[in-house]
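In the two complexes below, chain A is the common chain; its partner is chain B in one and chain C in the other.
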Partner chain A sequence: MPKITIDGKTIDLPAGATILQAAQALGIYIPRYCYHPALSVSGTCRMCAVEVDKAPKLQIACATEIADGMIARTDTAAVKKARKDVLEFLLANHPVDCPICDQAGECSLQDYYMDYGLHKSRVAPEDKIQRSKHRAAGRYLVLDNERCILCTRCVRFCDEVTKTNELTVSGRSDASFIDIREGKSLDNDYSLNIAELCPVGAFTSRDFRFKQRVWFLKRIKSVCTGCAAGCNIEVHYNENTVYRLMPSPNPETNTWLCDRGRMTYKALQAGDRLRKAFVKKGSMEIEPAIRHAAHLLDEAARKTGPESVVVLGSPYLSIEDNLALAELAATSLKTSNLCLDFPREQGVKDGILINKDDAPDANGLKLLKARYAGLDQGALIELINSGRIKLIVAEARALSSLKEKLRELSNIETVILAVTKSDLDFESACVLPYAANFETEGHFVNYKGLLQKTTPSVAAPDGVKPLWTVLSKLSSCTGAPIRLEDAAELRERISEFIK
Partner chain B sequence: MSYKISEKTRAKIDELRKIYPQKEAVLIPALHEMQKEAGWVSEDAIDALSACLGLPYARVKGVVTFYTMFNRAPVGKYHLQVCRNISCHSMGAPRILSHLKEKLRIAEGETTEDGLFTLSTVECLGSCGTAPVIAVNEKYHENMSVEKTDMLLRELGLQQ
Partner chain C sequence: MMEKILLKTEAADIEAYIKAGGYQALRKALAMKSEDVTAEVKKSNLRGRGGAGFPTGLKWSFIPKANTKPRYLVCNADESEPGTFKDRELILKNPHLLIEGLAIASYAIGAKQCYIYIRGEFAKETGLLSDCVNEASKRGYLGNNILSSGFDLNIAVHRGAGAYICGEETALLESIEGKRGLPRLKPPFPAVVGLFGCPTVINNVETLASVPAIIEKGGDWYSKLGAGKSAGTKLFSVSGPVKKPGVYEIELGMPFKKFLEDYAGGMLEGSKLKAVIPGGSSVPVLTAAEALKMNLDYESVQQAGSMLGSGGIIILDDKACMVETLLVLAKFYHHESCGQCTPCREGGGWIEKLLRKLEAGKGKEGDIALIYSIAENMLARTLCPLGDALAMPVMSFITKFRPEFEAHAAGNGCGKREAGSGKSTQ
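== the complex of A and B ==
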């Protein structure tokens, strides 16, 4: 393997590795704009130039492959001058509108200018070439060509990752700009990755723009529950509000994050977020609504027997919540009508990330099914359609997923668990809200069988509790508690499933 | 309105594809053929060519807009192309350009009302030794000066 020495430190790397990769392995940081580990090398920005022994001039680290015995330096006067010159060049026509730029605080132009530039501009503002100012480039993106440094990360992303080819560099020299076909917009399923890839303020997120200065944001790692992919994410939040989701690259799951996944946090702040319970279409405080639900359960069991009640698990819920549902059926209701059988078609839908299964935890549900058994889905549907069932306890989306197979539900009472009103697509006698995935810890098993857990970043609205707590309270009201009083108890109970 | 590449041009492009192993490489010679036929390269022509070569629209668009020799709009009978690169610039191209603008009463990229002249600036014409250069369609006029430019315009039929 070729051996390279950078700034006096030596490393062996397989042939084909670049100086930039070698430097990274040695812990030496080389500034860059156009280089991105997940995209092809373009070498347009020239920011990563380093000195290489016996080379007649500086070489760009991102595109220069290492050779045995190569000696490179990143800290010489020539390198420093090159960085300064490149920055002056990139900033020549830049509007320097940082105070009104949403990228400020996470902008490589700002950072590198402070680190390597600090030059005075030799181009007067009136001499700068003006390119087009901000405009909507798609559903989620704003494009401000004036701030663009033409690194072409966005172009390469659309060419290589989504293969949708929406973008190109039009024109040449100082008249070139990132171009989208007239009348077309940048609407692929991964468009927001471009806002993240863009090292400057040229592409910004329409959703996140001007909501929060980035230096106020706190970051916490979690897992996206938008589909069965189980992408690792970083939740950016401040003062109990989630502002955006970013991918947290994990070789086992994801490099990018799809737009739909990035928008899953919207449910937290949605206008139709359930903050109170609903009983017979009327809003009610959660505690009395839970008592009312318990009353419904008791009534049904008393009048028509426990076998007239059905409890559904849900592929949309965490292992914790499904465990509570299963326990509710087994311990409190003492009914054998528990269904944890939700077969779903899984697999990557588009060759990138998005899964055919939009539920995050179908495989977690299988773990519980192995322990609690319960009815097969076919038997369940038959049972419900037979008219012997008087009451269903279910999470909204799980019941919706069966709706087409079920006959009229109008004669059956339902106790529905939901986060937002939009999850409900049928009438229910009693709707109980619960905390969303950003507000509580939960374990999920993705389509590959990888067990992961979400981390809470914000608190649920007043009085809204995790589903397992809601069910625990419900069970206490029925007189046969499932004994999930606190997180410690819960952890102990789920330990057999999350080994 | 959809653009149809003529049989003749398509046959030429097919010939070119045999010479070049990669479709990207055929792009520029193919664009020359398209421009020869229509005089300019329209959005529809870009679509037609991208379909013909199996390249994304964006790739073709990038190339068309990069090279100044591809016209993005119809041009007049005489396309006056003033070189704006360094040798011509230092040998007086800016003066010739402003003189042309004044004489023709048009700005860069525009065509005179009679459809006779289109004025544009282009990248290096590869004739630095005889700077400044104006190309009229495919023909070079070298070592130009304001006086020679006036003569050229008269020859080409500019009515004063």
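== the complex of A and C ==
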């Protein structure tokens, strides 16, 4: 393997590695704009220039392959000057409108200027080129060509990752600008990645725009529950509000994050977030609603026997919550009518990330099914058709597949567990809200069988509790308690499933 | 006796060309082993006439032998540099010499498909070359089984769309492929990954037109023409206030003074030589004194502080305003920058704006130093040579004609032009 020395430190890497990669492996940071590890090398920003022994001029680290015995330096006067000069060129026609730019605080122009520039501007204000400032670019983005440094990461992303080719560079020389191709709209399923790839404030997220200064944001790693992919994310939040979701690259799951996944946090804030329970369309405090639900369960069991009650698990719920549902059926209600069978078609739908299965935990549910067995889907339908069922306890989206059937059989009552009103597409005797994934910890098994955990970042609305807590309370009001009173108990009970 | 190779015959007509001995070198080459053809060109010390002066035979030998992909020969006829107009003359006067050269070079490197990428503005030349290719094909000098040798060659004449940058060889390849003419990162070099990802040799018109004589008379013969490492003859296109502007073929090594007097006819009456841009507008300018000491060969021009480049000699006289002249060049290179890489994209326009103000007498103190510094920051920092093509003239103009720039900065103009009018006051 070729051995290279950078700033006196030596490393050997496989042939084909670049100076930039070697520097990275040595812990030497080389500033860059156009380079991105997940995209092809364009070599155009010239920010990563380094000195290479015997080379007559500076070489760009992103495109220069290492050779055995190569000696490179990133700390010389020539390299420092080159970086400063590139920054001066990039800022020459830049509006420096940081006070109104959302990128401020995470902008490579700002950061590198502080690290490598610190020059006084030599451009007369009247010599600056004015460009278009806020062009709508698809559902989620705004394009500010004046702030653009033409690194073309965005163009390459659309060409190489989504392969949708919406973007191009129009014009030439200093009249070049990022453009949306004629007849196209920047509406691919991954468009928000562009806001993040953009090292400056040229592409910003319309969703995030003007909402929060990035330096106020706190960051915590979690897992997206928007589909079976199980993408790792970073939740950016402040003062009990989630502001955006970013990918937290993990070779096992994801480099990017889809737009739908990024928007999953909106369920927390939407007007249709359930903060109270509902009983027959009427709002009710949660505690009395739980007691009301218990009453419904008791009555059904008393009148028609425990076997007239069905409890459904859900591929949309964490292992914890499904465990609580299974326990509610087995321990508390003592009904054998538990269904944990939700066959889902899984696999990457678009060759990138999005999974055919929009539920995050079908595989976690399978683990519980192995332990609790229960009805399969066929038997469940048969049972419902038999007319022996009087009450169903289920999570809203899991119930959704049965809604037509249930409308036909109007004598079946439901106790529905839901986070938002929009998940409720079926009229219910009782709706109980519970804490969403950003508000509580939960384990999920993605389509590849990878067990992962979400981390809470914000608190649930007053009185809204994790589902396992809700179900535990419900069980205490009817039959035998399932004893999932606290996190320690829960952890012990699910330990056999999350080994 | 001054040898003429390139403009020896002036026969756009194939009959006349054949009568003058044309296509005999191709016949000879096809009877040789292809590697022997390359060896002969190596022996000749022929250097690329497009501007860089890279040894032609060596370039041909970079085609990887083990690579089984198709190979391409591309003729760069995108002659667009201000002051350079020699290839156009060669195409108009001796098109079959170029085609014969193409056929020999294609045979040498094993190409069955050849492209002539011709400047978009050369409409007439495009038509002429297309006709000549057809004529040559009809007579069996191109097409299948050329002269019963078993060698096949097809030539496509591809007309550009008006971008100077497409004269840069990798931008040219992109353009042929139907993409925007953006220079590629090198390596990989075109000899390995060129047109359509295949091994490709790109040669200038004049370079290829020099090949038939080398095959006909031998590399040794050619190498003895000219001056040492600058072997052979070369076309020089001379423009400016001289009595006989035009294209002349001379053996390399001729004193510039002699060329100016004997070929260009000397300066116009009342004009005094002030400066010379010897190799097309992108090379450093020389003062009259520097120019008059140099010989027209690669080494001597370099010694004088510039480059032989394409051989496009721009003569400037005492009436020329150097600020205005530089502004014209800056405007050109600003306009023609592809915009891909930072220093060239941002530097060109900035320099032009400052020069414009300076020329109009609205410059500020410090502007000259600023312009120089911007050029310095572009130099050797760009992806392709276009950045240098502006930086070098800027730096040399300011260094060598500073008082003129200072007079403009002081608001006095230079007395040669009405400030900002762009029109001569003489």
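By definition in this document, the second predicted complex is superposed on the first by the 488 of 499 C-alpha atoms of A that agree within 3 Å, B and C clash if a C-alpha of one lies under 4 Å from a C-alpha of the other, contacts with A are read in each partner's own complex, and residues count from 1 in each chain.
The rule is simple: a contact is a pair of C-beta atoms (placed from the backbone, for glycine too) under 8 Å apart; a residue touches a chain by one contact, two chains touch by 3 or more.
Model, not experiment: these values are computed from the prediction.
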Joint occupancy of chain A by chain B and chain C, clash or fit: clash
Partner chain in contact with A:Asn240 - chain B first, chain C second, else both or neither: neither
Which superposed partner A:Ala92 touches (first chain B, second chain C, both, neither): second
Partner chain in contact with A:Lys57 - chain B first, chain C second, else both or neither: second
Which superposed partner A:Ile149 touches (first chain B, second chain C, both, neither): second
Touched partner set for A:Ser336, first chain B, second chain C, both or neither: neither
Comparing the two partners chain B and chain C, which touches a greater set of residues in chain A: C
Which of chain B and chain C A:Arg172 touches, first, second, both or neither: both
Chain B versus chain C as contact partner of A:Arg181, first or second or both or neither: first
Colliding region between chain B and chain C, picked from 130-138, 256-264, 328-336 or 346-354 after the shared-chain fit: 328-336
Common interface residues of chain A - those touching chain B in one complex and chain C in the other: 169, 171-172, 176
Parts of chain A lying in touch with chain B, wherever the complex brings them together: 155, 158-159, 165-172, 176, 179, 181-182
Complex interface listing, chain A residues touching chain C: 41-47, 49, 56-58, 63, 65, 82, 85-86, 88-90, 92-93, 122-123, 127, 129, 149-150, 169, 171-176
Residues of chain C defined as touching chain A within the complex: 163, 165, 180, 185, 187, 334-343, 345-350, 353-354, 370, 373, 377, 380-383
Footprint of chain A on chain B - complex, ascending: 43, 56-59, 61-62, 65-68, 123
